[in-house]
Amino acid sequence: MIELASDKQKETFVLNMGPQHPATHGVLRVKLVMDGEYIVEAEPVLGYIHRMHEKMGENRNWAQFMPNTGRLDYLGALSYNHGYAAAVERAAGIEVPERAEYIRVLTVELNRISSHLLWMGAYLLDLGGFTPLLYAFDDREKILDMLERVTGSRLTYCYFRFGGLYNDVDEQFIGEVKAFVARMRSRLPMYHTLVTKNVILMERLKGIGIIDADMCRRYGVTGPVARGSGINFDVRKNEPYSVYPEFDFDVPVYSEGDSMARYMVRMDEIEQSLRIVEQAVNRLPEGPVMAEKVPKVLKPPKGDYYHAVEAARGSFGVRVVSDGTNTPYRLKLRSPTFSNLSLLAEVARGVTVADAVAFMGSLDLVIPEIDR
Amino acid sequence: MNILDLSNHLQTYLTIGAFLFGIGFYGLLQRQTLIGMLISAELILAGASVNFMAFNRFLAPDPTVGQIFTLFIMAIAAAEASIALSIVIAVYRNYKTIDVVDVADLEG
Amino acid sequence: MNPPISSAEGLAGLVFLVMLAATGFGALIAVNAERTIRAVAGLALCFVGVAGIYYFLQSPFVALMELLIYVGAVCVVLVFAVMLAEPRPEQQVGKRNAIVGGLSFLSASLLTWGLVALANGAAWCKAPMRINEGSMRDLGQSLLTTYSMVFELVSVVLLVAIIGSLVLGRAGRSKA
Amino acid sequence: MGGYFKEIFDGAHSLVAGMGVTLKYLFQPVVTEQYPHVAPTMPDRFRGHIELVANPETGGTLCIVCGMCQKACPSGCITVAGEKVEGVKGKVLTKYELDFTKCSLCGICVESCNPGAITFSKDYNLAGLRKEAFIYDLKKRLEERKR
Amino acid sequence: MNPEIVRVLGYIVAIIAFVALNAAMLVWMERKVAGHIQRRIGPKEVGPFGLLQSFADGIKLMTKQLIVPEGADVPLFKVAPMLVMIPAVMCFVTIPFSEQLAARNINVGLLLIFAIASINVFALLLGGWASHNKYAVISAARAVSQNVAYEIPMLITAITVVMFTGTMNLNEIVMGQAGGFWHWNILPIAKNIGMVVLMPVSFLIFFICSMAETNRAPFDLGEAESELVAGFHTEYSGMGFGLFFLGEYANVFIGCSLAVILFLGGWQCPFGLFPGVHWFLLKVYFLIFVVMWARWTFPRTTFYGLLNLSWKILIPVSLFNLVLTGAFIKVF
């Protein structure tokens, strides 16, 4: 190779993974300095899909920024809708009706399941197994169909409004959700037989990409990645918001810190989300889905507000600074995978390419959200 | 002698053996890198093997001898190649070159 | 005997010519190519030709072993050597200067000429009788009876080679 | 030694179990929709690009050229123009243009429209060779639809 | 024309046609199997059940330009795909499809296939190196280490069969298995009761190794697309890629037919009735189906996991198996 031949001092060479590479799920570029199959240094290079969402927020009024949130993380768009809506509601002091909050939780959890399913499939694709992706898509398709019927869109929902929802759910949706919960519960053992217990998968994930709790704290890692390293942190439990305190669910925590632990956290989270969805559907209160007296042109009082939600990939925080006008003075989005990705350089040192791919996949990266 | 009947004459095989040997000899003198010299050495061995096989086919009373000798040459050549590979790598690690002259200059 | 090209013997003769050409051409590439990798490819071609020649010498077993060992193993090892210790691009398979080149060409052609002359000039006498046919069965039998000692020694040599190359290969490595 | 064989056995067992799952699905009916042969039906709330609503009485548009949609659009893809016509109260729509290349289908324009003059279409087969093909003249489309 | 020459030429044409047709059918079969396993239907538009899809793809590949990347070693880059194809075609020469239907019945047929198949490795190496692409080089190195590691247990298990049958002639190996499945080498109840335990193990090792040798998933490290993009054929386009692809399917066919010949009685019928080419093809395509089924079920192994499997499990077990086979042949 060119580098091999010219660079006499070291036996390393540079390998570009991305910006267009099957394992990077989008336009992430990882610059790898390799010694044979081993990675000496890994440097994620960002910015290929930077769209200035934060700056865009400063140039639009509060409501107009709402569609952007769904485009940050297109796989778990509703959590991001929720985070932004909740932050602005906190700023403007808007009370959301209970039914709207229940539906929010219900749809967000459905969205979380679809996101985890897609992750599971795509991760297996990274590891070379094609079929689980299609099975996961089969289930995910059901969620997308349900959400499409309610919100009108399949990925970038833009369903929440300040003070409530865009529109109400109907009886058909309730029935579909109940059917889906039953179906998904029967499908999960199949996933475990086909994927989780597979000896090849275990060999590829166990002990790969170990992150300890201390490292998670240093890098500000949240979400399933942190919970796979033994940190019992979930925004839904630790800083309860919306109507989450009324639900009975567990936060799966594994202490191994390897890729298998992260995989298991997500698979268990699907089960927990199913529990939440079931409870939400059964206890759905009657009432309006939109708060009264939400001004048409929103002008939150001056101040600095922060609200975090538990998105599928970790703690998504929105900090809004309002100067009392109809546009945000400053909008800061704390995206979870940005912190999670920053682990890569440290963890990937000294592992093989295949293991690096297995590790990177287990972080559940969504590049538009990292670049924003 | 018909050109299509060459395969039935001992001389054909001896000539091609000599030819291989000569080319290998030329390469050994000419080449400067370890791998190049190794390739030439393999050619010399091949020339010798062809000779053995030819005599075995046409002249030997026990036609297994030449074959067995050739098989042993192969085994030795394989061993030689593996050892040479590791030597080449060791030399390359230390001198960052596999040029014999460079290695000699460095008094290694 | 003068076989026509349309007969089976004629076709075999044609194939033999192709094998000869492959051997010679491959050998020439092997010593003259600019890039090491091409030299190895030439060597592989040459060995394929040599295997064909062995086949014509009525020993298909040795011919196939030639393919298996030389093309499948030795050439692959050589390519690995090229990969791991790639010479500088400017002088891939460095050659010595013109005088040395000329001299070596001269001496090599002298040697070849001598050998060819010897081969064609000598009066080879055929063995009066053959004690076996040189088939695979005979080969195996003599390998395990008459030459069993050599056979064992060769396996020792191979073992030593494996261990030796492992030791040499691991020695300079900075980390495992 | 026992662990060695148990490992091999467990591994082989997991592989066979996995192959059992795929074999089961091999003989089950397919779940995909055969798209060009079977066209999907869009749900009622499907958010396609916007379309002008026809006035059920006159067949014209309900648009009063207030410009709320144009103002509400985050990407600035709507251009509305109107003019005063004698004898008609308010303005009359002369041009309603949607630049679909910028539209993100958020639906804020539909929400902002008080008279309910715009709605979502159910078009999903949207492809074209030229950028200009995606600048829709909605007024013209409405008239074409009427015919 | 001499009838002998007509026969030779006829066989050459027939083999090449068979290789191409077989590869086209296998691509179609692979896509159908994958589709139905994943609950979709696979190709269906071109021809009935999409049968002509592979031909359409072939025409597309042939009309595409073979792009030679900058810095590539042009002659080697162009030769490598052919070098994959030629050994694959040559191996077909000695495969007995039925008692009469074999191009050449060679005494050392088994060895011939192994010897010629070893050229395949060299072709991958040359292709990978000549591409002047880092992914291709890494992949070529992987493919070769893998091939070397799996050739050993594969040869050892082949030797157990040769010891058992006493011949390397593929035709004779099949003839020895005539008369019902209880005569087959995989479960030779009728011949040697001791081997009933060992032969299934041999078969399993042989089958796994042939999957690894042909670079099929879950051992497709050479072209691990999530790590190395497309491995050694990353830079190949058009028919260059097409030949690698054809070669892969031809090799899969050879691997499976070898397993059928050595263990499953070749063209023999399981109940001793109507032996013929149909049984051979049926068995081979069933094994190919199993290979595809495995591919669409499992994730890919890692390089080190793969070598561990070979050196820690397959080689010791196959060596042990070899020793026991020798003993059992003497005892029973």
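Think of it as A, B, C, D and E in the order they're written, each chain with its own count starting at 1.
Definition applied: a contact is a pair of C-beta atoms (placed from the backbone, for glycine too) under 8 Å apart; a residue touches a chain by one contact, two chains touch by 3 or more.
Here the structure is a predicted model, which means the values were calculated and not measured.
Student: Trace the shortest sequence of touching chains from chain B to chain C and report its length in steps.
Tutor: Step count on the best path from chain B to chain C: 1.
Student: Any chains in contact with both chain D and chain E?
Tutor: For chain D paired with chain E, the chains in contact with each are A, in label order.
Student: Based on mean C-alpha positions, which chain is nearest the centroid of every protein C-alpha shown?
Tutor: E
Student: Just the number, please: Cα centre separation of chain A and chain C in whole Å.
Tutor: 61
Student: Indicate the whole-number Å distance between the mean C-alpha point of chain A and the mean C-alpha point of chain E.
Tutor: For chain A versus chain E, the centre distance works out to 43 Å.
Student: In whole angstrom, what separates the CA-based centres of chain B and chain E?
Tutor: 32
Student: As a quick test, compute the distance in whole Å between the mean CA positions of chain A and chain B.
Tutor: Taking the mean C-alpha position of each chain, the two centres sit 63 Å apart.
Student: Using the touch rule from the top of the page, what residues of chain E touch 2 or more other chains?
Tutor: Answer for chain E, listing residues that touch two or more other chains: 37-40, 137, 296-298.
Student: Identify all positions of chain D at which a residue touches two or more other chains, and write them in rising order.
Tutor: Correct list: 15, 18, 21-22, 25, 31.
Student: Residues of chain A touching 2+ other chains?
Tutor: 1, 131, 135, 138, 194-195, 198, 200
Student: Using the touch rule from the top, collect the residues of chain E that touch chain A in their complex.
Tutor: Listed in rising order, the residues of chain E that touch chain A are 34, 37-40, 71, 132, 134-135, 137-138, 142, 217-218, 220-221, 224-229, 296-305.
Student: Would you pull the chain A residues touching chain D in the complex into a rising list?
Tutor: Spelled out, the residues of chain A in touch with chain D are 60, 63-68, 71, 131, 135, 138, 148-153, 156, 158, 166-167, 190, 193-195, 197-200, 202.
Student: How about chain C: which of its residues touch chain B in the complex?
Tutor: By the definition above, chain C touches chain B via 1-3, 5, 9-10, 12-14, 16-17, 20, 23-24, 27-28, 30-31, 36, 39-40, 43, 46-47, 50, 53-54, 56-59, 61-62, 65-66, 69-70, 73-74, 77-78, 80-82, 84-85, 87-88, 91, 93-96, 100-101, 103-105, 107-109, 111-112, 115-116, 119-120, 124-134, 138-139, 141-143, 147, 150, 154, 157-158, 160-162, 164-169, 171-172.
Student: What residues of chain E sit close enough to touch chain C in their complex?
Tutor: Against chain C, chain E makes touches at 1-2, 4-5, 8, 73, 75-76, 79, 106-108, 111-112, 114-116, 118-119, 121-122, 125-126, 129-130, 137, 141, 144, 148, 168.
Student: Tell me, which parts of chain A touch chain E in their complex?
Tutor: Of all residues in chain A, those touching chain E are 1-2, 13, 15, 21-23, 37, 124-131, 134-135, 138, 194-195, 198, 200-201, 203-204, 352-355, 357.
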